Each structure stands twice: as C-alpha cells, then as structure tokens.
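Below: a set of structures, written as structure tokens.
Below are two complexes that have chain A in common, paired first with chain B and then with chain C.
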Partner chain A sequence: MSKKVTLSREFIKGLWDQNPVFKQVLGMCPTLAVTVSAENGIAMALATTFVLVFSSVIISMIRKLIPTQVRIASYILIIATFVTIVDLVMKAKFPELSQSLGPFIPLIVVNCLILGRQEAFSSKNGVLRSVMDSLGMGTGFLITLFILGGIREIFGSGTLLGITVMPSFYEPWVVMILPAGAFLVLGLLMGFANVYIERKKRLERIDYLSRLKSIEPVTSGQEAA
Partner chain B sequence: MNLIIKMLVTLSIIGILSGGLLSQIASWAAPHIAHHRAEATKEAIFTVQPKAKNYIKIESAEIEAYKVVDADSNSIGYALVYEGSGFQGKIRLMVGLNDDLKTVNGLSILEQVETPGLGTKIVEDASNKEDSFWFPNQFKDAEYDPELVSVKGAEASKPNEIQAITGATISSKAVVLILNEGIEKLREMKNGGTL
Partner chain C sequence: MDLILIFFSAAIVNNFVLSYFLGICPFIGVSNKISSAFSMGLAATFVMVITSIVTWLIYHIILVPFELEFLQYVSFILIIASLVQFVEMFIKKVSQPLYRALGIFLPLITTNCAIMGLALFIVLKEYTFVQGIVYGLGAGAGFTLAITIMAGIREELDLADIPKPFRGAPITLIVAGILALAFMGFSGLISG
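Up next, the complex of A and B:
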C-alpha cells in the first residue's frame, strides 16, 4: 500500500511542487515560442509528454546497460528518435497543427525538460516510477502551457480555443501574441507563483515558531527579521 | 580498451535500432505527407483560378507553375508559385493569371511569417468586419500593365493599383513586388518558349 502512495506522489509532484516551468524553469523555449494560442500550447505539451514518457520507458529499461561515459549521447539519440516520430506522424495526420508549430517540434530534442528528467530521474529509477514521473511532468507542462496560451489568446485575439470570448468592441492587444507578450505573461505568472510560495512559507514558519515558542520561548527572537 | 568497445557497441546498437524504426515510420508517413502537399496545392489553385476544373504542372518551367483548364479543357491561364522577402521572412504565394499573363484572377498567400496582427493582414484582416480578405481580394481582376503598384492612404483607382494595408505597408509592398517579379519571370519564359 505504501508503494502505491509514493507512485502517485511521483505523478503529483510534477503538477506543482516540481512544476517544470514555474519551479524548475525548464523547457522555456517552447513555453515562450508556441503559446500564441491555447491550442498550440496543448499540442506542444502533448508532443513533449509523448516524447518524455516513451524516452523514459526506454531509458529506465536500459539504464544499467549504458556506460556512464556515453549516457548523454545515448539519451539524445533515443529522444531524437521519438521526436522525429512525433514530427512525421504530425505531418502525416495533422498537417495544419504541424504548420502552426513549425520548427518547434524538431526542437523538442533539445528541450532541457526531457533530458533533465532522464538524467535526474529515469536513469536512477525503474520503469513504472519513471513513467509516473514523466506523466506528472508532462501534465504540469500541459497545464502551464494551456494557462499561458489561454491568457495570451484571450487578450491577443479575443478568443479561447478559437471561440470568441471577448465582446465585439474589444480591441485585441497585439503585443500579447508577439514574443514580448510571452515574456510579460510568463513573468507575471512566475511572480504570482513566487508570491504564493513565499506567503505559504512564511505562514508555515510562523506556525512552526509559535509551536516552538510554546515549548522554548527564548530561541524564537532571532527569527523575527 | 574494454570500455571503449562497450561504448561503441552501445551507441551503434541504439543508432541502428532508431534508424531502422525511423525508416519504417518515414516510409509510412511519406505518402500521407505528399497527399497533404498535393491537396494544399489543389486548394490554392482553385482559389486563385475560380473557374478551374483541372491543372497540369508545367515540367519544363524552372519555377513552380501550373497550366489551368476549365470544364471543357479550354485553357484559362496559369497558376504560379513564387516567393520573396517579406518583412521578417519569406512570403510564398500563388497567383492565378489569364493566358495573356496580364489579368490577375486571384491571389493566395501560401506561407508567411509576418508580424502577427499587422503584417498577417495580407492573409486575413480580422479588424475589417465586412471583408476580412479584402487585401488578397484586391488582386482579383487587377491588371499587370505595365506592372502592379501599391498605393498608400488613398483607395486604389486604377486597375494596376493595390491599396496597401495601414500599419503593414512593407508586407503589402512585398507582396506586390514578389508578384511583379514572378509575373515578369513567367513572361520571359513564355517569350522564350519554355512555357
């Protein structure tokens, strides 16, 4: 039973505690470049998750066979294989999506989120655990890219997932779908995330200190600053 | 020494496996991709030559051009694919022309990377509620005589004038310039007998 709990933890940690964008600040290039609309964000995150999960499976399976000196080269080969598969399948089955994501699909190869998870997790853990980790990271990435793409689409084009949400007199803010808009929205979101984390931490510390006080009131004085 | 062999073997095996897998998938995807390309070309040709029923690629031409015929196999002109520089990257477009290479029947922008919300109005201008495709539609029935010119501010009054988009003058001008260059090239080829 205890193992089951930890497995779901591997998944859940990717959603917030180790969110790839807000907490690890990984995979910034696709995050900034493709989030002009919510749909693009979702497609990019799904493609990344696919590559992440399948590379994790392979790498955690053969992790003991790869000599450490060539592990990064091997990971990149495996990752590149899956990225090319995604690229070809997209071109064959979803030509419009493939055109709007353009060169950013092949660039998943060098997305540090994927290599980072392989190096930090899959190379040290079993298959099941690695899959849970990748799915969690992928979902975290998906949620973040959807929020970012959604905000930019609503303000930049007045639509969400192609459906008009803003009143007709609303003049779209063009800057939101330009690269500058990506930095603005990401910066603000990260700022809010940090404010939230700081507040939570402070509350926890106050809670901890007050508990400490009730046992030993003298030591808490230094922490006041 | 042992380690070097192990490293070589590991990378070779991974390389061979991934190469094999990819060639399988590529051979599955190739016909699908070719089909989508052909579909896109077909759609563009029918946009720029509204009366078109069929088309043949002109193999002798050094640029991508199609001979377009109507339902009774009478020639109604050409469809030309041409590209040139836009504001920040390549603009690739298709233009439909009459047999005399003078009257433009339609224009379709195939690829562009113009500034979103400004230069992209050459494809579709959402701020114009009545006719968001007013810019490409202007080319319908425009006369290439002596050449197309873009006008700023004022409405186009002559058959060879194209009104530039406010806030996207460079992109509008680029489209006109690419068209002029392409049509000129097609004319040269026609005079040279390679069409």
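Up next, the complex of A and C:
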C-alpha cells in the first residue's frame, strides 16, 4: 500500500465504509441463520472475530512463505484449525450456546468473510495492520448481527437479550424468528442502508456543485475585469 | 420408504437454502439467469453426492476408528477443496460440453457452505452410507429447485420498476423471504 493509512483508519473502515454485510455482502449464511436472538448474534460474531483475527495474524506472518498456487488451500487449513479450537472451547464452556448455534460454528470455515479478508488484506499487509483490519471487520459484523438479531428478537419474541421489552398485550410476530423473517428483515435493512447512502451521496454532490458555483463567479468576474 | 422420506425432507421441507440458509452466496450471486442458475445447481448437486460418499467413508473408516473426530472440520474442508479440483479436471477430460456449461461454477462451489453443511449434517444425523447419498441427492435437488425458481423470478424482476436503493441484493433477499414463506407451507408434511 503506497498511501499511508493510519492504523485507526484500518479499524474504523470495517464498521461502516466497508461493513462486511451491508457493503461487501459477505458472510450471509451465518448472518441469516443465527440471528434468531441478539444473544446468538453476538456469540456468532465473537466466534467469527476470534477466528478472523488469529488466522490473520498467522497468515500475515507467513504470507511470504506460502506459494501463490496453494495459498487458498493453506488459508482454509489455517482457518479450519482455529474453528476447531473455537468449537471445542464453546462445547466445553458454553454448552447451551453451542447447542443453539448448532452446525453454524463449524460452518465458520466456509464463511466467505474470513477467506475474503485473508485474500484481500492479510496476504498483502503486515501483522499489526491485518489485526486492526480484522478487528474492524469483526466489530462491523458484530454490530450488524446485533442489530439484525435485536430486531428479530424484539418483534419475534418481544424480548431483547432475554429481557421483556414489549408491553404485555403485544402478540409476538412468529414469522420474525422463522427463516422467512431473516430474509425480509435483512433485505429491508439493506434497502434502507442504501437509501441513506444515496441521500448522503446526493448531498455531497450538491455541496460540491454549490462550491463550484461559488468559485465560478469570482473567476469570471476577474476575466471580465 | 425411509429413503424417499429423507430425499423429500432434504429437497422440499427442510430446503437447504430457504430453511437452513446454506449456500446463500451463490443463491444471490448466480441467480441472474435461469440457464446459469440451473447449471450451478447441477454442478453443486454433483459435488454434493460425491462429497457425501467420500466424507462418509473418511469419517467412518479413518476418523472414528483412530479417534480423530476433532480433525473433522480440517479433513472435510480439505476433501471438499480437493474434490472440487478433481471433479473439474475429470469433467474437462471426459466431456467438453459439460465442462463448458459447468466450468466457471465449479471453483465457486468450494466456498459454498451447502457442501460443508451437508457433510456436517450427515455426521450429525448419524445417517448410514446409503441414507447419506440420498440425503446429498435431496439437498442438491432442493438447492437446484430454489436457485432456479429464484432466477426465474429475477428475470421477471429486471422488467419491474424497483426503487433504486432496493435493486440488487436487497430485493433478492426480500423475494427469498417471500419464497421461504411459500416453502413454509410444506413444513409438517414430513418430520425430520
């Protein structure tokens, strides 16, 4: 990277500018599958972040030793090793959580978010930079899963993190915790995120145009003079 | 009878894409045209069936007798990655037209979570060898069905007037949600 980007920028860009779910559309399977509740979403995002950070450390360390032809296979093996660690730890320490996430913990292996970041970033950058990048991506993923899980839990069961938030007369919308709800909520969220981005872009363009206009009369005035 | 139930359960009632969320990436990525979606489905089905055979054999002949179950994920992903490579070379050698139809989709299949999910589910559900193959076939049929229906809808959507921010991934997800609602009609038909 010729342009020097500060370490904090590497972290912050994952939160929104390159948010893995909204902007890059990566890691969709776990995003949709485990966000039945906010708690599950947080657990899944933390597990993914752990794997992402540690495999980034290893891959950015040995990036110059891996031949390009077999890099994908090597990355997958490194990722699979860390996923095995996470799975065994979760089974031992948090059996209920591991039960409710089911096969989606081992499926972190094929999460395109992790492989994508290794290919796009860790294989080209140093250890510190890669750690900041993966921490940022992991946090962005965490925020997204928490929002999605939170919305589905509030409407689907009337609770947030197990605490009742909806009034007692509220009839839970069961569809929200069913598969269909996941698709609908994520689709709508992405759509609204795009509305916000479009509006911001348009405002920036108007701002830019008006600045151009404010410069123009001065120069033309000078020419006339 | 048991095998028929497994097939339909995997293909329709517990559809991999619409109720287990496996294989969402190609489902969103490759569902632009019916023909390419169908080819993708066929390629995935092909790899799924072979995967269910090979992973079952490896798991029960090597991993279980030597108590190496903890190597499950590492070995499964290695098997899938090398299998996809092998299938690609094999098809290229045997049938050129098939290779031209499936070629570009095969590498994508390695990171398709449906394949890995299938291997894990077969272990989790303790299927026998034959049941595993039928399950793989059913899962592949379900994936093909879902992605082809989706491609059909998206071809029509191209002509529709969708608000600009919702074009692309968002509308695909919303349509998938409605499709999942429709597939919910099958739930309870077969349990398991």
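Miscellaneous remarks
The rule is simple: the second predicted complex is superposed on the first by the 209 of 225 C-alpha atoms of A that agree within 3 Å, B and C clash if a C-alpha of one lies under 4 Å from a C-alpha of the other, contacts with A are read in each partner's own complex, and residues count from 1 in each chain.
Convention: contacts are C-beta pairs under 8 Å (C-beta built on N, C-alpha and C of every residue); 3 or more make two chains touch, one makes a residue touch a chain.
Not measured: the values here are computed from a predicted model.
Applying the stated contact rule after C-alpha superposition, one finds that A:V174 touches chain B and leaves chain C untouched.
Once the two complexes are overlaid on the shared chain, A:I206 sits clear of chain B and of chain C alike. Chain A is touched at more residues by one of its partners, and among chain B and chain C that partner is C. Of the two partner chains placed around the shared chain by superposition, chain B is the only one that A:K93 touches, whereas chain C remains out of contact.
Touch criterion met: A:L188 reaches chain C, while chain B stays clear of it. Once the two complexes are overlaid on the shared chain, A:V25 sits against chain C while remaining clear of chain B. By the touch criterion defined above, A:V165 reaches neither chain B nor chain C. When the two structures are aligned on the shared chain, A:A80 is found in touch with chain B and with chain C. When both complexes are overlaid on chain A, the residue A:M61 reaches neither chain B nor chain C. When both complexes are overlaid on chain A, the residue A:L107 reaches chain C alone and has no touch with chain B. The intersection of chain A residues touching chain B with those touching chain C, taken from the two complexes, comprises 73, 77, 80-81, 84, 88, 178. On the side of chain A, the complex with chain B involves touching residues 36, 65-67, 69-70, 73-74, 77-78, 80-81, 84-85, 88-89, 91-93, 95, 156-157, 172, 174, 177-178. Note for the complex: chain B touches chain A at residues 3, 6-7, 10-11, 14-15, 18, 21-22, 25-26, 28-29, 32-33, 36, 40, 115-118, 126. In the complex of the two chains, the chain C residues touching chain A come out as 18-25, 28, 70-74, 77-78, 81, 110-113, 115-117, 120-121, 124, 163-166, 169-174, 176-178, 180-181, 184.
Residues of chain A touching chain C in their complex: 25, 28-30, 32-33, 72-73, 76-77, 80-81, 83-84, 87-88, 103, 106-107, 109-112, 115, 175, 178-184, 186-188, 190-192, 194-195, 197-198.
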